[in-house]
Amino acid sequence: MLEQLKQKVYEANMLLPKYGLITFTWGNVSGIDREKGLFVIKPSGVEYEKLRPEDMVVVDLEGKVVEGDLNPSSDTDTHLVLYRHFKNIGGITHTHSRWATAWAQTGRGLPAYGTTHADYLYGEVPCTRALTMEEIRGEYEWNTGKVIVETFEELDPDLMNAVLVRSHGPFVWAENATKSVEKAVVLDEVAMMAFVGEAATACAMKAIPQELLDKHYLRKHGKHAYYGQKQE
Amino acid sequence: MLEQLKQKVYEANMLLPKYGLITFTWGNVSGIDREKGLFVIKPSGVEYEKLRPEDMVVVDLEGKVVEGDLNPSSDTDTHLVLYRHFKNIGGITHTHSRWATAWAQTGRGLPAYGTTHADYLYGEVPCTRALTMEEIRGEYEWNTGKVIVETFEELDPDLMNAVLVRSHGPFVWAENATKSVEKAVVLDEVAMMAFVGEAATACAMKAIPQELLDKHYLRKHGKHAYYGQKQE
Amino acid sequence: MLEQLKQKVYEANMLLPKYGLITFTWGNVSGIDREKGLFVIKPSGVEYEKLRPEDMVVVDLEGKVVEGDLNPSSDTDTHLVLYRHFKNIGGITHTHSRWATAWAQTGRGLPAYGTTHADYLYGEVPCTRALTMEEIRGEYEWNTGKVIVETFEELDPDLMNAVLVRSHGPFVWAENATKSVEKAVVLDEVAMMAFVGEAATACAMKAIPQELLDKHYLRKHGKHAYYGQKQE
Amino acid sequence: MLEQLKQKVYEANMLLPKYGLITFTWGNVSGIDREKGLFVIKPSGVEYEKLRPEDMVVVDLEGKVVEGDLNPSSDTDTHLVLYRHFKNIGGITHTHSRWATAWAQTGRGLPAYGTTHADYLYGEVPCTRALTMEEIRGEYEWNTGKVIVETFEELDPDLMNAVLVRSHGPFVWAENATKSVEKAVVLDEVAMMAFVGEAATACAMKAIPQELLDKHYLRKHGKHAYYGQKQE
């Protein structure tokens, strides 16, 4: 069942270690077949080195496993809620990638500080509100999905394809599984840049004296250079 | 003697370079056989590239080497104190991994800032008090263990499996040696995220203008996109 | 046409992944043949793993593609403006390398904080002003080039070979394509160092007590050392 | 001449790329034969990938090249001054490693913040004063050595084996070339940790709520855990 989609979702999952987004098994990618109303997701807690395409689990839009011997990702309910509410999306990536997760832990949205961000993410990546005690005690993963949907009440999920779940980490979506991993890579990269930029804005030092600048530049450049070997 | 445990402790030690937790020989993993009252630990100062399972040293709960040609880790006494006081633990990892050690150097506990932390560590990872001059001059490694135990007077070592020794670095334990290394990986990761999150909270910049955002996003997306090759 | 230059520009482009300056296809290197008035540039949106020397695109100084089946880099117009105004330069590198880009996002120039900087870059690397709404809506890449040129009104592009385009990222040039990549590596490195230095200047902690210092140093050094194996 | 020493100095130089201390050719290691009064040093500006043991240059304590076809490192005079004044040292490493160099650019000494530091470096690593305009214009590399020696007027170079040259970078020495590289690795590592620790001390956030902590920890641990596969 859905052999091609399983293969693609498997390959998308394997991009997570390739791009350094993952520690141990902390992440999962899914992809959906909208016509059949079924999505394919990584099994829970299986090491990436041992993962095979046939391990992917097929789930319907009621959340029932319709194929697969292994438990689906413990975050399956969150994926499910997103597929039900964001009608056009085709794939979802969840990771605990270090920079994006660090940002999610601050409770702030991630501002669009540059064109690297703007190339992939249309504006500030929102951060959800904290879940209430009841939401945490209840259907936690389902409620995580609902809080994401609530965060998008005034946002278009086809224009903004990512969210930071407060104190948790990023969920990113796109037209298919592979593209959602790509955006997750970008999100981590721009979170790193945002961190550095903000910190660099808060501080300043004095530049080196002109003389030292001259000395170093000119020992490598121009007619009085003496660094390196004589060219023949 | 204890061939299987030696093999496992050897393998757990070899995970330290694999996960990038180690510089030179700065770290050691041990595992205990509770029935026999013996633990196995890395020899002192041996390079990881040259380490072999048969180099592991067997020590009893009085601290005596009962098998092994090499000196045990110089931190053996700290492991010993922990095994004697924390009755359920099966393995201990000590490293100078960069983020966790940097945190230990601040003298602060590591707060639980997110679910990555909560997945493995139940609450703030405590930081010990500084050792006194007498404790440093005396049985230093033994006293390091005692200060850890003192830090856990009101804490349950089966729920909180890690500590930051002030100005020194992390000790992490678990049901066996391998699991203790895994938690040491997590501890370093969440220390990194905590650092970034705290710094990001202290600063802020202005986002880029809407127009620039539009330009970049729309040159890659939608019907007016012109980035990349024409699809055929 | 220009086979040798294409080969060199291809190789210079391949240095971007080698030195870790690139994520996906976010960057491009070009080189010019001043006698023929033609430059060679990476095609737009082609993955580095699939790039071949024959994919390089040849463009004249009016911006017309004179050879090549693929679209040239979407930043071609910026390269074009630089080649037209900076008469002595032979190669240009544009990347979104993380530290330099983070700095560009702050809108500040990158001060010369040390001799590593001075070895390659003669003074503060300037940051352009923000583009106006009209410049963004109009010929965006062309205007990016013009803003760079404007930034150099009082600067000599033969002495300062790099610029940070505000909210975007670095453009770096040199006598040929390869050298421009080298300077892009340096720019990223010194941006990292500037960030760390500024932040370290803003903070301070108390050093560890003398006693702890003694203990650790002396358990590894001197006649009372006991770390490691006995030497034979 | 000095074939064995050349081989060792060559190998010590090759440790610089292995440990990630080097970009391009920014660094050099030397070692001395005290009986013969000759030292061996890396040639200037030669790429590490192309370096061979026979490329090492032999220099006497007057600074004259006594063997070797290539120019010695442009920093040779600094090494020379150190060998002349620090009578017991056997090897010297100079790098522009990123964390130590960033620290040198701040003009501050590097405080001993933990035992990782104390294991190798006995106290605060001093930072030199800035060179005067005359010192920079004159025999720059020789004067760099003299300023280091001046910094050690009240310090014992056999106890403190490293210095940060202000706005430049670290020089590190030891009983031989290999050991000096090891200390240079440590210096970069503890500079990183000092940076993180200082910044982490300056900031703080609020921990996550107890309920979220419980949820995450308990979905992976204890009798109600449901993460991962059922154990058989």
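The letters A, B, C and D name the chains in turn, as written, and every chain counts its residues from 1.
We adopt the following convention: contacts are C-beta pairs under 8 Å (C-beta built on N, C-alpha and C of every residue); 3 or more make two chains touch, one makes a residue touch a chain.
Bear in mind that the values here come from a model prediction, so they are computed numbers and not experimental data.
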Inquiry  = With centres defined by CA atoms only, which chain is the most remote from subunit B?
reply    = C
Query = If you tally contacting C-beta pairs, which pair wins, A-D or A-C?
reply = A-C
Ask   = Which is it for copies subunit C and subunit D: same residues on both faces, with over half shared, or different residues?
value = different
Request  = With residue numbering as the guide, point to the option in B-D, B-C or A-D that repeats A-B in over half of the contact pairs.
outcome  = B-D
Task = Averaged over CA atoms, how far is the centre of subunit A from the centre of subunit D? Could you give it in whole Å?
result = 36
Query = With chain centres defined as C-alpha means, what is the inter-centre distance between subunit A and subunit C in Å?
reply = 25
Message = Using the touch definition from the top, which residues of subunit A touch two or more other chains?
response = 105-106, 113-115, 119, 167, 194-195, 197, 199, 201-202, 205, 208, 212, 215, 219
Key: Residue ranges of subunit B touching subunit A (in the complex, touch as defined)   = 113-116, 119, 182, 185-186, 189, 192-197, 199-208, 212-217, 219-220
Ask   = Which of the residues in subunit C come into contact with subunit B in the complex?
value = 43-46, 70-71, 74, 105-106, 130-131, 133, 136-137, 140, 167, 199, 205, 208-209, 211-212, 214-215, 219, 226-230
Key: Touch list for subunit A against partner subunit B, complex   = 23-24, 26, 96, 98-99, 101-106, 108, 111-115, 117-124, 167-169, 194-195, 197-199, 201-202
